[in-house]
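The structure appears right after this line, and notes come after that.
As written, the chains take the letters A, B, C, D and E, and residue 1 is the first residue of each chain.
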Amino acid sequence: MTAILDVRDVKKSFGGITAVNGVSFDVQEGEILGLIGPNGCGKSTLFNCILGQLVPSAGEVRVDGKLVTGQRPSELNRLGVSRTFQLLQVFPKLSVRDNLILAGQEHRGSMLSRLLGPSDAGLTTTADQMIGFFKLEHLANEPAGGLSCGQQKLLDAAMAFMGGPRLVLLDEPAGGVNPTMLGDLKERLIAINRERRATFVVIEHNMEFVMSLCSRVMVMAEGKVLAIGKPDEIRANPAVIEAYLGH
Amino acid sequence: MSKHNRLLLVALSIIVVAGLIIIPMNFNRYGLYILSQWAVMTIAAMGLNLTLGYAGQVSLAQGAFVGIGAYGAAILTTHGWPLIAALGLVIVICFVVGWLLGYPALRVQHHYLAFVTLAFSTLMFLVFRNESWLTNGIYGISNIPRPEVFGFPTRKPLPFYYLCLGSLGLVTLAMWWLIRSPWGRAFMALRENPIRAQSLGIDTRRYTLMAFAIGSVLGGIAGVLYAPLTQYVDPVPFNLQLSLDLLMMVIVGGSGFMLGPFLGAMIAVLLPEWLRFAEGYYLMLYAAAVIVLLIYSPSGILGILDRYLSSRRTQAASALRAAAQSKLEAAQ
Amino acid sequence: MSEPILDVQNLVGGYGKMTILNGTTFSVPAGSITTVIGPNGAGKSTVFKAIFGLLKLREGKVIFKGRDVTGLSQRALLGAGICYIPQGRNIFGELSVRHNIELGGVAAPANIDLPARVEAALDVFPVLRKKADRQASTLSGGEQKQLEIARGLLLEPQLVLIDEPSIGLSPLMVQQTFDMLKQLRERGVSVLLIEQNARSALEISDYGIVLELGRTRIIDKADRVLADPRVGQLFLGGAMEETVA
Amino acid sequence: MSNLLDLIVAGLATGAIYALVAVGFTLLWQTSQTINFAQGEFVMLPAFLMLAVMHLGAPFWLAVLVGVLLSALLLGLAFKMLLVDPMLRHGVLPLAIATMALAIGIKEAVKQFFSAEASPFPSIVPAGDISVLGRAISLQSLGVLAVAILAVVGLTMLLNRTSLGHQMQAAAQNPTVARIIGVPVERMILLTFLINAVLVALASLLITPIYLAKFSSGEVLGQAAFIAAIVGGFNQVRGAIAGGLLIGVVDNLAAAYVSTQYRAAVPMLLLILMILFRPQGLLGRAEERTV
Amino acid sequence: QSGAPIKIANVAELSGGGATVGNNWKNGIDLAVEEINAKGGILGRKIEVSHADSQSNPGVARAQVQKALDGEPYVLLGPGYSGSVKVTAPLAAEAGITQIMGGEAAELTQAGNKFLFRTSFGQQSSMPKVAKYINDELKAKSVAVVWVNNDFGRGGRDVITKEFNRLGIKVAADLSTEAGQADFAADVSKIKAAAPDAVFIYVNEEESARILKEIKRQGVTAPLIGETTLVGQKVIELAGDAANGARGHVGLTTDAPVEAVKAFRDRFVKKYNYVPDHNGLKGYLAIYMVKATTEKMGKVDSKAFADTLHGLTIKTSTEPNILMDVTFDQNGDIDRQGFLVEVVEGKQVVKQVLPKLN
């Protein structure tokens, strides 16, 4: 069985600074991989390299065994790979509902049918379900820019799921989200993972969340992989404790 | 509530359209000419509104496309082509050129893009002026015939005005359809947050190029009408100033609003005419009016309306919020 | 309860016609850490903006050390001894890291030794020292947050308003930040904190406030808030099977 | 190759003028994120203010003084309060359009209240040529170049080395956050526009003797300066010098070696290529990290 | 209703690229109207002129002329740009209104329009005189031609190169320049490289001054010949001693050695505080053309106006303010005295008077 995501020896440097320094790992279909590491160790940069937002200085990225290094983010998204962002990334002047429809529309029909077909690409129901789940009903018609930080974070996550992706890379989805809602989010992720065999890679600093969600955890430090293993092993790894977790 | 609003809107548009058809019937030639000019400029501004207002791509080249359209129509119709054939050819040319002009937008944005399009605009002006074999250079092309539409001649001002108005109507319908389709939403995504858009599978390259191409086509269509309207084209009207004027129409009307260009073109074409009574001061008054308008509503005339609508919307949201039951109380 | 350093009385306000704060009232005892918790969109950040003069209030008053500071300019508030570290990313991307930190001292009185304070701040955050001359926008998310905290504390205020500092920080850094807040308290500085990382925050706090729909629902000692079963269930992720309203 | 040298020196002289106007452009961008399409008219106007004062019988030095003050008042203070304040928050375009309208207004006003004719303007730099690289170059051009360089050096020092400069930049990049940390944003923006106003008055004083006082002379200057600013790198004041000089020289070389009919286009085409390969401009910095 | 004012409409380049032209033209008109009205008007009726701005844009010009014609004026004045004339002339002709304009392009009067009249020499009559002078007096065999690339410059250039061809003179360099151009180094260095026997310069006043300065700086010694715009007082004022030696054919100039012209100039300066260029004269003369023609007809009749003006000779003896005797031919073209002028030590010196043809 080939891995759904296979990263080989990816490097990325900016001028003299090497942010990602030869990272290799793979993710099997249906897995939930956690990605942790101290601030500035290169996690987000690694995501950006995988997803085509940045072109890696070296190395290869494969999705389903197909080489995708250097492909544009939109092309990757069409392959069923979607993501969320660490910093808030919504469409501030569009309504919450339009944000969600937008997130799914390119996965429906052809370019032409999207011009001639219904204006919501048949996504209003799906979008409203998402809105309901994240308790944003009263804001559905409000511009997304007016949401609170935590709400925008949730909207960002919701957008990542609108296209029915097979692989989702989440960059700190829990940051600023209320713990109760976070519990719901975790349940939801697990449900999607079970039902649709969707695969997740999650960057997160919230250990409780990572350790209870992920089947495997990878630790990065200074642009390299420090350790990779089951949550319990990682929690007990002295190197990880020293570099990242603290006492 | 919203159904009621929609009904009101439909009624209002019918009144406006009827007004535009009936009232000018007893206008003099000058009035009809100015109104036709307004219709033509509205079409061009609608194109720029798509490129700039919806898709967020700054373009200072819209005037050049009006020029391409006007010269295309002038050259072909004076060589005996029917205007409709010229229109077809112009649409193809503008689409292709607009598409190509979009490529720099894939690499650079904002003022750099403004510069690239400005350069294109300058280049086109020089081509119109210098390539005399094609455009008759600075002397321009005169005696451009007005077309026959379904057997009706439009030589007289009134029928020609109806031709312009009809074209405007068709373009508006097409534009309305485009904007409310998923394409329209994708264009806005391009403007709001291209990075997020890309990661949602929106092919920002293709949409950017499309925004340029379609916007340019509208510029070309406006040009095709401009040529028989003035019956004479020379390079001067299609210099950078026209692009800047069109930009002004879009911003003043309200960029990113469907009806913005209508009002913007009204300000740019009709307002100076109304101010003519002030003789030597009319352009000063005009400038002052534009400035005051922008001070009052920096998001353009339709920004005022939008502020009103959105405040009504937030009121509704506020009510929803107020009605929400406290979880704590529910738990008690 | 000791003498309050900050007294927030019956704040009513919001964005445009949308009312977010519906009579928010609470006070912050001097020399304490007070944590505000509540669901997303409850209006926590909005309260901070209101206190710091960034929101037009329709009603209500903000009293700082017995003085009405409602609607004062930010510079005046900084001068009075309040500083505010907002949520999200708030750096000047095109300036260097060092210049960003230095800007934290803009409102400082003339007699303090700014360069020394900048050095001290860089000592607290070694990552920033390492990258002091880089353009701030190139920092990673967590590093940017550290930069903001360093910049915000440069004036050595008497009251710190800090909105979700833990977002994006590694567990080690969260610990350090909380330790730092504790140290501030030891020096007599009062801290008003918003946290979704509510358990850890309440553990270091003296008081806890639960904010919901723009109203303060519970104000109590932190340990009592932590122990309150309703709070645990609704806002600390205690129970997962919460029913959707 | 003396011909080539001639062209380069002449191009540098013209380029210096563009550079001097462009400095204000880049300054406004770096310290308030605004684009002033009336910058050319801003340079044109002070000369007329000075002429007006001279018509009242005042000596030249007094006219200059009054001109600079008036321009600080009109193009600095009034401009900032009436146009910039209400529009700054709404992004670049509304203000840019308003300045386009303002340009029309200024042009028309000068035409109406002064004259549509060009009039000569006294030079504070002695007229006459000196020989540079074996070619005659006017002292006036050298004066322009010197002031442009001084302005750029001064402003660069101010912006990059002083806390005041950092505050100005901070106020431009993120006004809300700047306010939160105590930057007096209003005052910084005012300062920006005052500096620009004094700069344009100075430029007017130096350039008008060469370009003549004419209501329309701002059009060419403004456009050239806009282009120079972009080429040099919008976000760096020093880019204005490089951009201005480059445009001046390339324009001359294009006219001499490519085509006079297309002379306006040749430098632009070259520069488009440059922009596509180096989008941040000659001396600009790369745009910041986006994700 | 003989007391009602006579309505005349003027459409000119009051703003945009031609603003200097248009405003001079307008001021000239206003001055003449003021004079005539002060003396009781034409046939006892006052003149009332309306001014409209074409923004130097043919499209706008068309609108304004349309508007003016809808108001049924007695005569239409302007525009000054040939392109704008071209787009408006058919409208005036259709309405049967006489149009007295400022354009100088050769072709304007050759399209058989019976209602269009010039106020100055068309290029088809001025350029051959310049070419003849270059050929006969300077005996130049090769000439560099510098022209401004708009309808004015291009038109002149096209006519004169045709003349050069006819006379067997070689065009050594053909240099187009831009309106408002500041830097002529490249153009002059090309002239220098071509080493012509003479340089023909056909650009506007300010650019004339700039190129003269540059020519001096680069040490080009060939004789410089131009038209009205090369040797005007304005150019001399702006170019200083670089203007010395420049020669030109001048059809209409405020510096003409004619007393009436000098008096006009003084009146103009008194009213407007600056010295007009030839466009100021053109506007002034346009109004006196209307006066003379109307008085000749003895009635205010817009239908008969054009017919009367065709073939009419207006003499200074009957109408002193026409300044110089002038005759209009069947095309609406003009015949009048001309001058060959040289700048000597900062002064215009008339070298030769080119008499009226008939």
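Throughout what follows, a residue touches a chain if its C-beta (ideal position, glycine included) is under 8 Å from a C-beta of that chain, and two chains touch if they have at least 3 such contacts.
Just so it is clear, the structure is predicted and the values come from calculations on it, not from any experiment.
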Q) If you tally the C-beta contacts, which comes out ahead, D-E or B-D? A) B-D
Q) Where centres are the averaged C-alpha coordinates, which chain has the largest centre distance to chain C? A) E
Q) So what's the Cα centroid distance for chain B and chain D, whole Å? A) 31
(Q) With centres defined as the mean C-alpha position, give me the chain A-chain B separation in Å. (A) 39
(Q) Quick check: how many Å separate the C-alpha centres of chain C and chain D? (A) 43
Q. Which whole number of Å gives the spacing of the CA centres of chain B and chain C?
A. 47
Q: Return the residues of chain E touching two or more other chains; collapse runs of consecutive numbers into ranges.
A: 15, 17, 149
Q) Using the touch rule from the top of the page, what residues of chain A touch 2 or more other chains? A) 44, 53, 85, 87, 89, 139
Q.
I need the residues of chain B touching at least two other chains; which ones are they?
A. 129-130, 195, 280, 283, 310, 314, 317, 321, 324
Q) Hey, which residues of chain E end up touching chain B in the complex? A) 14-15, 17, 51-53, 56-59, 62-63, 66-67, 69-70, 82-83, 86-87, 90, 105, 107, 149-151, 154-155
Q: Show which residues of chain B lie in contact with chain E when the two form their complex.
A: 28-30, 33-34, 37, 129-130, 137-140, 142, 226, 229-232, 234, 236-237, 273, 276, 279-280, 282-283
Q. So in the complex, which bits of chain B are touching chain C?
A. 310-311, 314-315, 317-318, 321-322, 324-328, 330-332
Q.
Quick check: in the complex, which residue numbers of chain C touch chain D?
A. 52, 54, 74-75, 78-79, 84, 86, 90-95, 99, 102-104, 106-107, 135, 137-138, 151-152, 155
Q. Which part of chain D faces chain E closely enough to touch in the complex?
A. 3, 6-7, 10-11, 13-14, 17, 107-108, 111, 115-120, 129, 136, 210-212, 214-217, 219-220, 248, 251-256, 260-261, 263-264
